[in-house]
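After the structure tokens below, expect a handful of questions from me.
Here the chain labels run A, B, C and D in written order, and each chain numbers its own residues starting at 1.
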């Protein structure tokens, strides 16, 4: 099988699933769900195969950064747009992450009853965008998939969300679109200077990097545009405010996919497009963005400490963690960047788990306000233990994925010996304490402690809430099978990375060897 | 001594802007139509004056005025038909009431 | 040697396996099965540990004059750098005198706690979970002491922290337990942050995490650290070595509850008592001491100023905690403060220690480790004894006890008394020897520290016997809350007996030395000499303390209250633990939460988000403003048209 | 140049002034009067005055057309429309002052602008004064119906088509639809 076809399968499988889903009757929800689960399993298998294959093919002596590259012409002639695919260690890691989050997301949205078919159609569209983005190495194709991934967000939140969903959907879409407007300018700028005078311009990342024909003056202009463009999606301060509202209103699986994968598009893009294609300006302007992302890290953590909505807490914690991703990328050395990619991976899994659990709890109590909950450990021990594990991963407990990423980031970042970097690295270190504070605050408040607003009637627990003078009893239960599948999948992945991080860390680090040279 | 061409132009200018004033200030559709007639006539005067003073041996200005008059007549006929129709629909012919194409 | 290498992984693997088995399948088992499984697993670990320690001390460990540092296995876990092989986190087993000794301590206490908990925790909900976390803790603590590199230590450091959290919050329905667990975790994590930064600084300059490289000594400095870091400055004005070592010590201070990080330990007593005995008395809290001992060559040669500071911080903390312990009424709190005070002793000993074993220069180091050992045994015994008592009277408060000596709790009584005598420093019990050596070391180095520690020794004797008399003698009430106190079951008393045997017969070691003389900073054997003057003085001080306690508390009377009311100010502030908790609470709740966090959250919602919303609002408003222009109003169009024409005409004709 | 008022007192000029006064005065009244019927009447006089101006310039044919089409047809049409619309003849139109003000401002600005341009342009007429030989009717006919240079048969035909379309359109628009009946 040619490389082109093989990598395109990641886009093709969801596409085929969309067609199948389209043909299925919309009231046969069971068939729809099983189709989705099957398709997602196929993607996961593909991702696993890709990883194994990549590890097999990868050779440290190989000067080529990308493997499985291939290309098909799309718009011929002057524009020189190709559908080019190829993967390196970073994108393999991202594809693996996406595949895991997609399949767990399917299980987490098992209980969606309203417009199931349409929901999954948009969900697939989102995953097409995500996978397409990660496999492509042509800027134009990349941008295309980027937009494909963003648009379904609006509908998924606007239609299946909760709370102030129209506002949130609009805000999220507009801010991200605003970001992609910057991004488009940046990409066109890169394209315009992609080849030396007189040669054909190209969108191909590898060739652009090889040509390196952009002058520092142009880089100075287009680097911040591109970086901020992707940075908006990476929740960089001060462009992060879509995240709390968006996540709070989004349905469970969408939050998972968005925080778990879509936000990674930002970090990945910052690295792949902004930094590697414009390294000179990056070196020059890194300090600005280090300040901004350094603020993100601490600021998000502090903000999370006083939120009362579970999803807001996680959204702010995402701001903090994703800030750390960009922060580490800007350290511009192999160790920190490897840490950044690991952090993307770890944060993706962990936040997905968080949002899945919050969705599961919310689905029963119909409130996410931590002041209204308490003692859930006695009622739904399984979910609560998972929550504690997610929390521990988030605060960087060794043995779970967060620790590996954070330590790599800190050790890598510490290679910069000047006071400016030192200061921000140490500020970043404080976030691990603040993270502990807000995670334990939630754990202590809603999982531990005595039961609050929960009645036990004949061995069944009910959540008692009062709404407009009426008293509601919502039945509480522990996880059911599909919820268990989703959470176990994520926890196993988190623990797998946390317990034996060597292979994936080496895989990523191998592909990042060139950065030390590039940013020297 | 004969009056200079400017005298005629002053008259047409004033008439034109009287028409403009009416067009903007009137509320009544028929009033607006009348203002349009004034404007057209002011233009006609200009055509004729320029023809007479600048190219006395040609006929272009006059012929154009002629056509303008024809078109104006046609236009007012149609406009009045529309106004009557609007009145039937809305029982009112002030410009502010005709808003159904808005929004 | 080969057998040891073969067996060594068991020490880590078995508790980890137990954790998984009990954690995942525990709920499917009967509680007793889980308990027995855990205990059996730990017995094997204990046997292996003993085997390793014995064959190290009397076997392959001795190479020539000194004990070797053996790496039994060392697996790459994560490469931190592609170019610097030193910066690799490995999971390994470093066997040297202190880690061999710690293996014995941990496995002994842990095994005793496992056995004891079978009785103490009997019938508790979450019994399996309890055993799972105990296994996790044992795993983490083992990993910590056998760490071959500082990052491995940090990893297990965090893991012991979390298992401590899980054990303190064992009764998670009780809000006070949850609060205590949170406090313990966050305070220690705050300290761990310093530890991490210290590691980062150290590893940045030395380019290695490995202890063997870091602590390698040649001549009179720690080679690698000296070469790479000497003269380097951190942040432009702090000497890099001292900063790094001080930050690393702060990490240890957090775990070992040194002032000002001591606040979490008394609250941690909310956990089950055996867990407190294991974690918060014997093993985890001495991790800080172990850390400093592990890095001792670096401290001694390259950061002597920090080492001195450690001594003084230790002295202050020991005094401070001892004073508070004198007025606490919760017996577990008394023991907690006593623990803080005793650990501080160990820090003092390290602070005054030298490096070479000639002329007893490293007596401080040796005595610190020895005290660690003896303290672990008698403090665990005390805690478990307290557990029996609490079990009997269903209360932690002294006021609910009294006169228990007559209530057929003979074994508890005797073992408790033995441990009290040991901690008070009465010969021939173990505490006397270790404490005496500390005092000797202090006296050799620094008179101020000696006087301070001798005074604390007296205080210790006083508050421990206050505790003892209040529990067993003070005949206040005969009516106990539930039922007449009775002796605890066998599986609770056996561990007490075992531990007090350790306490009683340590004096044999004077004549057949096995441990302490082998545990020295330079790993050569030390000839311990008995300093009869200092020993006599400390025994005298201890007897004074005991006498005072006897006079005040041997039976119910008003003297304690009278004295308390005379020094009311001191008494009240001591019983409020000198308001340190309140200060912390104020800082965290009012300044950090109420001030910084609230302000940032407000700023985010109103300024940053407000700005974004304002952008949206502006766009919408200007759009609807422009929309009015396109109104469909003919007259407005005409007006616009005319004005437009006028303006264009103006420009056109002006320019002509 | 010495300005001599007497020199301008010719019949021609007096006639021009009188006609201009009628045109402008009535035009102004037509836009200002609040009663629509009066406005129509003033408009009639304005158009009449303009026809006079054409005559003054010796365009009899145009004057005749002006009279017959405008004064005869359009104004009558307007008046019919006014009567067809109920009560319109008696209603007074109230226009807000601000609207009037804006309209006046725009008009005055326009007048100033235009006049400045007119007087600055320095138009040099080919003839002095409006008097010129009358236009031969046959010439007009040739011009309208010829197809040579400066002849307008095509436009003539187009306007006839336009008129036809207008007739049909006006009928269609103004006829009541069946449902309304």
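Here is the rule we use: a contact is a pair of C-beta atoms (placed from the backbone, for glycine too) under 8 Å apart; a residue touches a chain by one contact, two chains touch by 3 or more.
Please read all numbers here as calculations on a predicted model, not as lab measurements.
*Asks:* Which chain maximises the distance between its CA centroid and that of chain B?
*Replies:* Between chain B and every other chain, the largest centroid distance is to C.
*Asks:* Return the chain label for which the distance between chain Cα mean and whole-protein Cα mean is smallest.
*Replies:* A
*Asks:* When contacts are scored as defined above, which chain pair ends up with more C-beta pairs, C-D or B-D?
*Replies:* B-D
*Asks:* In angstrom, rounded to a whole number, how far apart do the mean CA points of chain C and chain D lie?
*Replies:* Each chain reduced to its C-alpha mean, chain C and chain D end up 104 Å apart.
*Asks:* For chain A versus chain D, what separation do you get between their C-alpha means, in angstrom?
*Replies:* 73
*Asks:* In whole angstrom, how far does the Cα centroid of chain A sit from the Cα centroid of chain B?
*Replies:* 67
*Asks:* How many angstrom between the C-alpha centroids of chain D and chain B?
*Replies:* Comparing mean C-alpha positions, chain D is 7 Å from chain B.
*Asks:* Residues touching two or more other chains, restricted to chain B: which are they?
*Replies:* Where chain B meets two or more other chains at a single residue, that happens at 20, 23-26.
*Asks:* Return the residues of chain D touching two or more other chains; collapse runs of consecutive numbers into ranges.
*Replies:* Only 99, 102-103, 106-107, 110, 114 qualify.
*Asks:* Following the definition at the start, I'd like every touching pair of chains, please.
*Replies:* Those chain pairs satisfying the definition are A-C, B-C, B-D, C-D.
*Asks:* So in the complex, the part of chain D that touches chain B is made up of which residues?
*Replies:* For this pair, the touching residues of chain D are 4, 7-8, 10, 12-13, 16, 20, 23-24, 27-28, 30-31, 36, 39-40, 43, 46-47, 50, 53-54, 57-59, 61-62, 65-66, 69-70, 73-74, 77-78, 80-82, 84-86, 88, 93-95, 99-100, 102-104, 106-108, 110-111, 114-115, 118-119, 123, 125-132, 135, 139-140, 143-144, 150, 152, 155, 159, 162-163, 165-167, 169-171, 173-174, 176, 180.
*Asks:* Mind pulling up the chain D residues that touch chain C in the complex?
*Replies:* Residue list for chain D touching chain C: 99, 102-103, 106-107, 109-110, 113-114, 116-117, 120.
*Asks:* Which part of chain C faces chain B closely enough to touch in the complex?
*Replies:* 631-635, 638-639, 642
*Asks:* Using the touch definition up top, name the residues of chain B that touch chain C in the complex.
*Replies:* So the residues of chain B touching chain C come out as 20, 23-26, 32, 95-96, 98-99, 101-102.
*Asks:* What part of chain C is in contact with chain D in the complex they form?
*Replies:* Chain C residues touching chain D: 635, 639, 642-643, 645-646, 649-650, 653.
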